[in-house]
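Quick heads-up: structures coming right below.
Two complexes follow with chain A in common, the first pairing it with chain B and the second with chain C.
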Partner chain A sequence: MEDEEDNIFSGSDDEEAMTAGEVLQKLEEAWMNEALSPELLMNKSDIIDCMMEQINEMENNIQRVKTNDLKIYIHKMELERIRYLLTSYLRIRIKKIEKYATAIMMEDGKRDPDDAKLTDSELQFAREREKNLLELFQNLVLQHMPPNMQSLEKDKICSKPNLDEYVFFRVNQDVEGVLVEEETVDNREEVIDLKKGEQHIMRYKIIRPLAETGAVSLI
Partner chain B sequence: MFGEKALELIKELKRCGDGLLPSFNEETVRQVLEEMKSLFEENHKDVTASSEGEQGLFPGVQLRHAALERNKRILLTYLNERATSIAELRWQMGTVLPPDIRSRLAEHELSWLQKYNKSLTAYMRAVGADITHNLKPPKSLLIEVRCTTEHGSIELTSGRTLHLSRGTHHFLERSECEPLIARGIVEEI
Partner chain C sequence: MDSAEIEFFAENEEVTIVPNFSKDKLFLIRGDVGPFNASMPVTVPVWLAVSLRQQQRCRIIPPPWMDVEKLTEKKEEETSTDIFTQMPCEYYMEVAQLLLNCASDDIPYAHKIRTLIKDIWDARMSKLRSSIQTFLTSDATHAKVERITI
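Right, the complex of A and B next:
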């Protein structure tokens, strides 16, 4: 009995080096970054899959323990919190995909399929959305327009994320020589070094690659 | 002036504010399309005349072409804005729309909503999580709800059955309440 309860938070049997706590921390980090960045970030399907497994495991464990113990209440609460985190993360991504489907797919089309931002199911969703929207346009107005107006240049009219948005972020590891301002006629270029633990507010575009590698976290 | 009708569509959406969807304005959309048709015909006439040697028609053609582009852009914006709000309805009200809202959509918009539903469901099945639930961060495991309709019995995940009748209060797990709240059967207190 005691054993079972203590096992609720222990990981599954696979050889994964991460503990459940670490996975949760990574999920929290991914969730914050995704919520605060203007564009869609790389998918973190490994973390998500891992967490899904953990949740199922925990659920099974809780069901096996049949008491009205306070511990169960706390475990259940924790489970609800994690589930919120997980669904919220997926929700934020889906909303961004809805908004920028065409732009994201074009961007993904240019890179190696292994480095795609979208997971397979997200790609499926984005494709269907784009197709359905075009169908709606076609059926309601485009087909009634004069012949030279019926075409659609989707790369020109699709909405794109605003990469110039200002974001707050915390530096996780030292980075030297970050180009903040390109050299122009009036100004000299501005380059700064980021030190671990510092917090800044800057345009997202500047720290875009750093947010992706985890060198900075959006806050 | 050209494009004025089309602008009315956008103004109408704007006036209604966020989350409220006005009826699909079929009449105005039709008028805009007709305006486009006559603009196109006039242009066609002028272009033919120019190719036969008539002078000084090009500025007019260009102006009309700009008006055509503008009308097209506005119509597409109108549809796109509406499609986004319609998809949002799925999140607010679930899969079944109340009749008064349903009647405000054009037929093709209804089928857009259906297809949206389908892809969202397919996505949720693929990831194995219902992302239309757990919308708010949980503050406590159990919440108190009041039943607002005579709903009858439901079965809880614990296997217990619960009788929901109007005006009764219940203390339930949040995950179990959310679908009921979304359908308007119970309200949170």
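Right, the complex of A and C next:
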């Protein structure tokens, strides 16, 4: 049993081999970023799938052992912790999708289907949500309105994430020349360098690309 | 993030325990733990330490910074300047709380430590409040916040 548990496996094809511990760490980081960023981030389905696989494998291993040992108890406890992490992460995403369904789908429509933020099942959820919402508006109010006022421009009424929100973040890689403000009070550009290990507070919009690449993590 | 989530991260910190049982090495997903030998100190994540302690299967050795003298010094340092000082552990507050709640018998002067940690926390919170206030009322668009813990 030990040998199977300890094996090192590879993630998706284009990724280097990672140990389970590293995948878990990635998942924790993704969870924290997702919880703290105002908008929906890229989906991490490869990490999720990888972790699910690990959990299932471990569960099978545990089931094969009959004794009610302390060891099994500890393994079970770790599984519970990881499962909490996974569900909490997915729940945060669902909440954001509920809130910004239309905005996210419009954004996804503009990019390559391969880099879509939503996974297939999330997309289905978002579509359903949008459809139900529009139906509700239609049945409740719009059909009782005069015909010239019945149309609804969904891109104008949908709620969008507030990208101007201030966030705390920690720098993971040196980044030089980050443009903080195009025009400050005295008509100068404000540019700063981020050094590894520093912590800053800034508007989310400015560090948005850095958060996607992992150069900074939100705290 | 709410406090439960931060506590979850804090539980990944490591702490030394003295188990009263023997077990081979455990291969957890996060990494290997053990081997456990009765009365030999071993380093484990906080969540495991807390759970073993609740079952009376180990004794927790408090981390070196969890010491009345060191914390008193730290408190002096923290209250004597306007800037934030370096904390001994990223999740000092949460780790202290977790360990003190389940194993206050294992930690000498647990009561004093609890008070000291709370004092340090309060001092830092009030600094944070006042500095954010200044930040918001000024026109600044970014600020560097060194040494702040979650």
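Everything that follows uses one rule, which is that the second predicted complex is superposed on the first by the 200 of 219 C-alpha atoms of A that agree within 3 Å, B and C clash if a C-alpha of one lies under 4 Å from a C-alpha of the other, contacts with A are read in each partner's own complex, and residues count from 1 in each chain.
Definition applied: contacts are C-beta pairs under 8 Å (C-beta built on N, C-alpha and C of every residue); 3 or more make two chains touch, one makes a residue touch a chain.
This structure is a prediction, so every number in the text was calculated from the model and none was measured.
Q: A:20 in the overlay: touching chain B, chain C, both, or neither? Say first, second, both or neither.
A: After superposing on A, A:20 lies in contact with chain C but is clear of chain B.
Q: Of the two partner chains, chain B (first) and chain C (second), which one does A:141 touch, if any: first, second, both, or neither?
A: first
Q: Should A:216 be classified as contacting the first partner (chain B), the second (chain C), both, or neither?
A: Neither partner.
Q: Considering only the touch criterion stated at the top, classify A:71 as touching first (chain B), second (chain C), both, or neither.
A: In the superposition, A:71 contacts chain C only.
Q: Touching A:149, do we find chain B (first), chain C (second), both, or neither?
A: Once the two structures are laid over each other on A, A:149 reaches chain B alone.
Q: Regarding the shared-chain residue A:118, is it in contact with chain B (first), chain C (second), both, or neither?
A: Touch status of A:118: no partner.
Q: Contacts for A:84 in the overlay, against chain B (first) and chain C (second): which applies, first, second, both or neither?
A: both
Q: Common interface residues of chain A with chain B and chain C?
A: In the superposed arrangement, which is not itself an observed complex, chain A uses residues 77, 81, 84, 88 for both chain B and chain C.
Q: Which residues of chain C touch chain A once you look at their complex with the stated criterion?
A: 1, 5, 8-9, 11-12, 21, 23, 25-33, 47-48, 51, 57, 135, 139, 141-148, 150
Q: Within the complex, which stretch of chain A touches chain C?
A: 2, 5-6, 20-21, 24, 28, 32, 35-36, 54-55, 58, 70-71, 74-75, 77-79, 81-82, 84-85, 88, 168, 180-181, 184-185, 190, 192, 198-203, 206, 219
Q: Okay, in this complex, where on chain B does chain A touch?
A: Within the complex, chain B contacts chain A at residues 29, 33, 36-37, 39-40, 68-69, 72-73, 75-76, 79-80, 83-84, 87, 106, 108-109, 112, 115-116, 118-120, 122-123, 126-131, 133-134, 136-138, 140-141, 173-175.
Q: Quick one: which bits of chain A touch chain B in the complex? Just the residue numbers, please.
A: That would be residues 48, 52, 73, 76-77, 80-81, 83-84, 86-88, 90-91, 94, 98, 120-122, 124-125, 128-129, 132-133, 135-137, 139-141, 144-146, 148-149, 152, 157 of chain A.
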